[in-house]
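Have a look at the structure that comes next, please.
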Amino acid sequence: MKVSYFPGCTLRTKAKDLDFYARKCAEILGVELCEIKDWQCCGGVFVSAKDEVASKLSSVRALAAARDEEQPLVTVCSACHNVIKQTNSAMQNDPDFAAKANLYMSQDSNASAPYNGETEVYHYLELLRDVVGFDKIKEAVKNPLTGKKIAAYYGCMLLRPGKVMNFDDPENPTIIEDFIRALGAEPVVYPERNECCGAYVVLEDADSAKKKSSKVADSAANHGAEMIVTACPLCKYNLEKNTSVVPVVYFTELLAIALGVKEDTDAE
Amino acid sequence: MLNKTERQKEQILRMSGVNPLKCMRCGKCSGTCPSYDEMEYHPHQFVYMVETGDIETLRNSDSIYKCLSCFACVDRCPRGVEPAKIVEAVRLTVIREKGANHLTANEIPALLDDETPQQLLMSAMRKYSK
Amino acid sequence: MQRIGVFVCHCGTNIAGTIDVKAVAEALKNEPGVVFSTDYQYMCSQAGQDIIKNAIAEHKLTGIVVCSCSPRMHENTFRKTAAAAGLNSYMVEIANIREQCSWVHKEMPVGTEKAIILGKAAVAKVNLNAPLTPGESPVTKRALVIGGGIAGIQTALDIADAGFPVDIVETKPTIGGKMAQLDKTFPTLDCAACILTPKMVEVAQHENIRIFSYSEVSEIKGFVGNFDVTIKRRARYVKEDLCTGCGACTEKCPQKKVPNEFNLGMDNRRAIYIPFAQAVPKVATIDADYCTMLKTGKCGVCSKVCTAGAIDYQAKDEFVEEKYGAIVAATGFNPISMDKFDEYAYSQSKDVITSLEFERLTNAAGPTAGKLLRPSDGEHPHTIVFVQCVGSRCAACAEKGKEYCSKICCMYTAKHAMLTRDKYPDTDVYVFYIDVRTPGKAFDEFYRRAVEEYGVHYIKGMVGKVSPEGNKLKVQASDLIAGKQLHIDADLVVLAAAIEPDKSARPLATMLTASMDTNDFFTEAHPKLRPVESPTAGVFLSGTCQGPKDIPETVSQAGAAASKVIGLLAKDKLTGNPCVAHSDENMCNGCSTCGNVCPYGAITYEDKEFRMPDRTTKMRRIAVVNEAVCQGCGCCTVACMSGAMDLKGFMNKQIMAEVDAICK
Amino acid sequence: MQEIKREDLIAKAAQLLADGTVDRVIGWKKGEFDYDVTPAVFTSKEELENEFVWNDFCGANFSKYLRKEAEKTESKAAVFLKPCDTYSFNQLLTEHKFDREKVYAVGVPCNGMLDDSKIKAAANGISSVSEENGKVAVETLYDGKITLERNEMLAERCVNCKSKKHVAYDELLGEDGEVLDSARFDEVAKIEAMSADERFAFWQNELSRCIRCNACRNICPACTCEKCVFDNPDSGVENKAIADSFEEKMFHIIRAFHVVGRCTDCGECSRVCPQNIPLHLLNRKFIKDINGFYGDYQAGAEAGSRAPIVDFTKEDLEPGEAVERGGENA
Amino acid sequence: MQVNGEFKPLIVAFCCNWCSYAGADLAGNNRLNYPAEVKIIRVPCSCRVNPMFILRAFQRGADGVILCGCHPGDCHYTSGNYYTRRRMALLFSMLDYLGIEKERTRVEWVSAAEGAKFAATMNDFVEKVTALGENKRLEDLRCKK
């Protein structure tokens, strides 16, 4: 299966691992990630104001590109996913916004047909769950992570707003836990897993971010987690910067270890 | 003619798409908010104060920079009010004013470390400056 | 030619303020057929009615037109007036010059002109009216009550006491409903079982009441006074007439791991069970989903221990057909699912429970024998947080919960908080509320006692999130009065879940052709004046199937529904609506189109011999309307190409005469 | 030219009479002119051989005759039905208009019938019409023999034939055909595409020719009322002559509306109209709308089917949408 | 009809007894104004309205005809308005086909609780019909004053 792929800014720089292993694992699982040509940064965060148009255009371009290829659009980074899915929803449900965005887009040198929200947007995890299937992943696992107690950290961006993301139950998600189980490890369920890490406020109020990150990491540790997995570079940064109780890894790395693509440096 | 407060209110409501009259003042947003203690004015107050036109107070408060946009209040509100969107709209009315950027490019290098992801810079710029 | 009298009402200034009533009376004098025309202050008053009666006698009127308020208001009044003066009731027409004229137009000339036209239309119609006599249909003197909770029980008892036979159909193995699961009742704190179970016994022993438990209504046909109902009696694999309710089988059954729905799954029962000690009928039931014998054919322990020989593994669903004159819906409520409110961690912690579960936890017959213990570890909770309005008062756009107030939660939460503090003074009890709504006799006093005498902490604010950490539930909430965010380490969290109509109500409403609102509560015939009747004749509403209610309200509505049923069953015959369809057999060609559109199946076809002009005879298929079944919608009249089918009281030519008068 | 021969029909009819299956046969016989074929009842082989006609002018749909014919005696009558006639046959059965037991239906394949008005337009002073090598040969008083292309002389309803398949019969002569994809709604769509003013002008012009002869109603297999509303003084719409242009419109709207969901599109109304008003375009508008609004429905395709006008779904479109859609269809 | 040089349309409104007629009453109770050109005829159900009545109204001088019934699904007779919906969809489409202005006919669902909707509907309908002017295409000259 071929899908359009939007890596995002951080995956090219600080979060290369998140990207690298996503591609490697996709190959093994029979999914071809076709990187969108000339993609532009999503902006890192969705600005909810209805009159913010220009800041959402990079997402619309990516969506339109995927539409032109008749492929769903896949992202790995939680933030890109959140921005692109919310933008897509606005294109579908806010005709005023869609009209303005299409007007901007029509000025592009290689403008394609007006975009009206036709593309389906998947997070890589959704791809694993809904397209590949966790059962199939379980079969593909070469190095099961047996005995490992791993805490899933969703943060806020994968789940909310729930009606738009439509990713999982925002109050009691299970997708990453199921993913962890498929890799042979034991998921640790803890109540802070869907709370915000402090996000971009770290530049504004480092203490606030520290407080939030600590709460998350402590909660995971208290529930016996040996490791936290996340899909978001910013979550990883905040958790690692502010806490040291539990190591934090990207979910794609974990997948790569289980599939035998990556050496488990922690093993033994 | 609308006076300044009324204009501001109307703009905030239009940008955010929020109808504060739907609020039943249950306070679940503030019961939910992870940044409650960092804020001078809390999510339910944002909704109420915009409704009553007490907007300047909000614009002058640091509270507008404390919201994480984590959308927990949006998801849990039983009335579909979406307080986070109103916080964002109030903040935008401030930073869209000339010279009112809350974070400028010059301030950034001092805030960085080796691990800072690009995403953080992008989103902080998006949230705090125009 | 008719002799028509016209009576123009002033309705004080309601009509006369905008319409020149004298001019209307004067203008209508010249209409064809009109022999008398007058006006009066209040036509509906005794004096006004006397004017009409006198005029009928004096001018030998054959028809009257009253220009007044809406016919929905006083058509009946004036029909009775006419009848009292010896004129057929259906020779009366109303011109609505109040709601549809004087109240919606401001200028006197405009209003007056329109009133005259409306009057002319009514005169034109009366000119073509014919006296009508309502048909009669017999009344089956038996009532059906669907639902065996307190609402159904009370309705059934009241009807039965009046001397009419009643059947109760209950889906569960026992009657008793939600009230049987409650511990105490507010605001008097009577024990629910103490006041309910005697009534259940009374039902069981009443000579006029039959209970079809473990049964459901599968088909309803017919109409008021003459319903034909099919009741499906689900196989319970125990012969009701033989079972003595000794309970030996329920003790010996080896299948012990069946979630006990009576205790909301907080403990287990056997595959053969009697829901609770005071069940009525006190008969065991085999749960086919769990019974090893029924599933695999191996076991048979219950049959061996049953000395009465009541076990019957071969039992099949049975269908009972019965006729009823009236049907009462009493299908009750359930708490809504907490799936969309998992920020309260209901699915994540056993110690987050609903209020109904709390009732079972404090009930002496419950899973903990009445001791308030945490479901997770059986420990005594010291800090309890109650959350009100969970799923009630939600906006539609939030796409979760219900828009309405569930009405009973404020009071039962006060009750729970008070009883907890009373029994366990070492507990801290918090109640998070948006508003405390206590309209009701001794209700607010009750709530204040919880605060003032029992020291329950009422906090205006809402819980945002409940996080299970260790053996605690971390409750994060707002305190809007103090302007603080609170963090409470609770041992037990109790959610006041919104209530919703039972799922069986919607298919039942379809069978009854009774209407429902968007929340699936039954609609009443009139929200104020006919609150216990459904708009469908012969169908009545009892209890929470009509809207959220507490027990005293339910019981009073149940009694009111019963009195309506008794009023209906007391009649030997029902006079129908004479404005029914009628087919002119000389014009009907038997094409069957009318029967296709009749919502009531009131039209049948038969072959009839017609005498031809040449003295031969000819058989022809024609439509025949059952006047007792026809409700008078008139759908068939339009389906009929030839115009053979017409509607009495709203005949083609009458309506066309109105059109002509209006367009003249 | 018809594939099935006159002789075959006569032989079949004679056999049915001879073996007592029926005691009369409804068929066609010659009228005043060759193109003026009229329905007739035959009771003997001799009558059949002398008068029975089967040619390109046997357009008449006999279904409606069955209502009266089946009532006459206890014995059976045979009837010849072309494919399009069988739809009317079924529709009449759906409406209980005759006793199926009293009819023996013989299906006959049809190659399309000719429109005498088209021939008359092409030839003056016709003395005879015959077939010659698949063409139409017309002897005229003034111009001698004229040869016309058969396809060009076909009746409109045959040009747009909806089905060569018999949907009801006791016995079929020859081969059965298929339901066809016809272009019968093209003309309706063309009118829909006009502006409202053009449509009004078009119909004003067409309907103003109506002389209220009632031929369309009387021939219509769906018009089987004991008493037509237009003949009934109590109906409120009775009228027997056109006194105002309103009445032209009302008569034709009501006539078409009364056969909504029942009209099989047999085209008899237009065939018999002496003023050549395209009445089938009113019926077809309803059929086209029904197909578009409620899904394809062919009246008479199946006896006992429920017409969309006496049926509903909860999701039906609103009348306001119907009017908009009607325009968009254009 | 011309009143003082101004065109006042004549509107016939057929209202079902259970919902729309009550809705019209409620508009009255709440004193919600609408033009006096609207004259209501009470029928038990919208499905009682025969296309002949509508044509009759136009013949006799109406400029617009509106049918009001219970919302689909809420018919007092359970299904009457569903038939109305089909009949009128087909009839209105036919009128449109004949070139009769489609704004002259309308079906609206008005519940007993929708007094405001009734008044708003009538205001809107009268406005639309007024804009069209007199009914010429379905007039009967004999009925002209």
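We call the chains A, B, C, D and E, going by the order they appear; numbering starts again at 1 in every chain.
Just so it is clear, a residue touches a chain if its C-beta (ideal position, glycine included) is under 8 Å from a C-beta of that chain, and two chains touch if they have at least 3 such contacts.
Just so it is clear, the structure is predicted and the values come from calculations on it, not from any experiment.
Participant: In this assembly, which chains make contact with chain A and also with chain D?
Facilitator: C
Participant: Name the chain pair with more contacting C-beta pairs, choosing from D-E and C-D.
Facilitator: Answer to which pair has more contacts is D-E.
Participant: Could you pull out the chain whose C-alpha mean position is farthest off from that of chain D?
Facilitator: B
Participant: Averaging only over C-alpha atoms, locate the centres of chain C and chain D and give their separation in whole Å.
Facilitator: 54
Participant: Report the inter-chain centroid distance for chain B and chain C in whole angstrom, where each centroid is the mean of the CA atoms.
Facilitator: 47
Participant: Distance-wise, how many Å sit between the C-alpha centres of chain A and chain E, to the nearest whole number?
Facilitator: 56
Participant: Measure off the straight-line distance from the CA centroid of chain C to the CA centroid of chain E, and report it in whole Å.
Facilitator: Centre separation, chain C to chain E: 33 Å.
Participant: Can you list every residue of chain B that touches 2 or more other chains, as numbers and ranges?
Facilitator: Expected reply: 72.
Participant: At least two partner chains per residue is the criterion; list those residues in chain D.
Facilitator: Within chain D, residues 229, 235-236, 309-311 contact more than one other chain.
Participant: Two or more other chains touching the same residue: where does that happen in chain A?
Facilitator: 163, 171
Participant: What's the complete list of touching chain pairs for this entry?
Facilitator: Pairs satisfying the touch definition: A-B, A-C, B-C, C-D, C-E, D-E.
Participant: Contact residues on chain C for chain B in the complex?
Facilitator: By the definition above, chain C touches chain B via 343, 389, 391, 393-401, 432, 434, 460-465, 476-478, 480, 483, 485-486.
Participant: Using the touch rule from the top, collect the residues of chain C that touch chain E in their complex.
Facilitator: It comes out as residues 70-73, 96, 98-101, 103-106, 110-111, 113-114, 117-118, 121, 513, 515, 535, 579, 597, 599-600, 631-635, 637-639, 647, 650, 652, 655-656, 658-660, 662-664.
Participant: In the complex of these two chains, what residues of chain B are touching chain C?
Facilitator: 22, 24-33, 36-37, 42, 44, 72, 76-81
Participant: Quick check on the complex: what are the chain B residues that touch chain A?
Facilitator: Contacts found on chain B: 14-17, 34-35, 38, 65-66, 68-72, 74-75, 84-85, 88-89, 92, 102-103, 108, 111, 113, 115-124, 126-128.
Participant: Which residues, counting only chain D, touch chain C once they are in their complex?
Facilitator: Where chain D meets chain C, its residues are 71, 94-97, 224-229, 232, 234-236, 258, 306-307, 309-311.
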